[in-house]
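This structure is in structure tokens; I'll ask about it shortly.
Chain IDs A, B, C and D follow the sequence of writing; residue 1 opens each chain.
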């Protein structure tokens, strides 16, 4: 979907480098919320998509890790894996008793797989039959996708040059059972073709895009 | 600026037609806030621009008339026409005494000019030397304007057809003393050139654009 | 416009236009109302606001202006072919014949719905709207959802209003991004041949002049 | 990485990785912490979460992974021309030689800063980042401002970090929108000819590997 998460080129957000912004996070619960969401066995699908589905006003009002937390809560409620009552009951439990600990539910086999995954590398396989080659000029399709995708709006309709064929990968969609694969390319754009002349000298932007977002330049 | 106000094509906002959304407003203060902002003599400049300057999260979290109110407050504070203390003092005054009335400050000459304006029409003058004519194909420039403008992002880089020459008008900028004028055109786009194929049959979008947002199609 | 759902301001009829809640009201003032009162009072205190000018403008936008004017224009166009021709050729001049001019209505273009074309109007960047002809815009016209979706999925938006069109009808969406203000001329309903202008006015809901409704048939009207 | 400003988690050293505040802490838990605890507890209750798997992942992302790995890669490339050649030709295979593989680091591309080119990395759509090489991304990398501005005004962003470049340098901004993860190979600082790999590691701040800092000179390091 073309949601609020697609921020490239938007103005009005102020400074990047602010006091304490070099930290990775501020509170211990934050990273835990992210990984509880990521490792849930409830079948939440892509958490990226779940975060994109937050209401735009909530997305902008929430910190990074609150977005992860809210998306994880919403998704478990929506798919019926948890009820609002489950969450409220436990919330009141921990609120009432500061010494209460979160119960453990270990799964050594899964923990072992996670540990193995943490030190394994699975580079993208080579693209089987890429339609474009380095040096080709391509046009990013104009679209209005209501499904999950990874094609930022700021490159739509722009001409770019294929710089690398990154490999072959599953096309991101809502439905994790869809097994479509496509070549992924690094496409190079001149800032002039994205933003025209600005206050800065022209620069280069490189974006990794699936083949189905591209067409041959006219 | 390319701010959060530029909403064309964004997804995630839900339904348009909701209960009570046929009303023009809900509370009497709302329209008053808009016109107090519009008629201030403090030299706030374009209130449109002032609303666009709200922080994106505040913009999305606020109702239409709260945006007008917040923009009017911010602007008067920023230009020094009012102090935070002025606003707080009066706020506490009205909060403490529900019967307190807002003081009047009449200006019969201005009121007369307003009344006259309410029944006058000032159509745009004809464009002096328009660069384009109906039927011409134009390309909307790619840009990254940090100043106030009226060129939505969703038409940038798209090809369209000049349908009407609307007339000649001041180019919108931050600085109200800049007196640049340019022709304004109605430019017609096929939805295919904006969004590609979608669930709906192709349709037509017509956008009124100043000449400096356009160039001749290559 | 009794079938239109914007006759709502019962609580400010005392003032004749939008002012603050009367202290007789049982509700406590909201923080927004208090902020608005504080802003107005502080500006008056500094000599930066003319109360009578604000009142005059509000009286105009809430009473003189409004969808009754647009409906009159539509009914006139339905009954007077020469007026309709002038209206479509130069909207600004034609609505001025009826006296419907003023701020946010200086340059007017009227776009006609036919069997082949359906028009709808939006302002994606803010809320531009033809005040002299339609008054203040409805909440939905100012909503983020309408501003976002009208230009990218107009039929889905129309469906929410109960307007469905054959695939062969061309939908034209006008994004009022400059100073031209748009009025949709809806199709005259069937079964209205015998009706005069005043009766026809009652068949033109506000939303039909924005493009999210049809004119009403006499049975509904 | 003592000159890097992300050594902050003093309050969870007891656990070895991000857990909840100890009840001995004097602060009341925030509503967000309570919500996170409730979510975790409810999932465990339903058999939908493996606590040991979460702990293992957090231990990896907060300790095994981190900018010390990226800095090792950089220092190796500065001192071993054959490694550098392999690294630039096939980042994934070269970092695997050092064991720096894992989630969000399966496919790695290393981009080299030179006198003519300065690279910086962003993820405009979310927060993609090479975990095995750099750990968790800093708050600024995940900020709306960075995601919005890096691709449209990179020099203004760099200036906020004290990085200014001659106009003749080509700025290349890499938007990690798919599964490739990027590491910037900063330029080796002057005056480091005599230093070994371990000493060089200490000159590579995390931000230099994202592209918003230079490597430190020995005097600073």
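The rule is short, and it goes like this: contacts are C-beta pairs under 8 Å (C-beta built on N, C-alpha and C of every residue); 3 or more make two chains touch, one makes a residue touch a chain.
Nothing here was measured: the structure is a model prediction, and the numbers come from that model.
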Of A-D and A-C, pair with higher C-beta contact tally: A-D
Chain separated most widely from chain A, comparing mean CA positions: C
Distance from chain D to chain C - Cα centre to Cα centre, in angstrom: 54
Cα-centroid distance, chain A relative to chain B, in whole angstrom: 33
Whole-Å separation of chain centres (CA-atom averages), chain A against chain C: 41
Distance between the centres, which are taken as Cα means, of chain D and chain A, whole angstrom: 17
Two or more partner chains touched - positions in chain A: 9-11, 13-14, 56, 60, 144, 194-195, 198-199
Multi-chain contact sites of chain D, meaning residues that touch two or more partners: 144, 152-153
Complete list of chain pairs which touch one another: A-B, A-C, A-D, B-C, B-D
Chain B partner contacts - residues on chain D that touch it in the complex: 144, 152-153
Residues on chain A engaged by chain D in the complex (per definition of touch): 5-11, 13-18, 20-33, 35-42, 48, 51, 60, 64-66, 69, 72-73, 76, 81-82, 86-91, 93-95, 98-99, 102-108, 110-111, 113-115, 117-124, 150-152, 154, 164, 166-167, 169, 184, 186, 191, 194-195, 198-201, 203-210
In the complex with chain B, residue positions of chain C that touch it: 4-6, 8-9, 11-12, 15, 17-21, 23, 28-30, 32-58, 60-62, 64-65, 92-93, 95-96, 99, 101-103, 105-107, 109, 124-127, 135-140, 142-157, 160-161, 167, 170-180, 207, 212
Chain D-facing residues of chain B, complex: 56, 144
Footprint of chain A on chain B - complex, ascending: 1-4, 9-14, 52-53, 55-57, 60-61, 141-144, 146, 153, 156-158, 192-196, 198-199
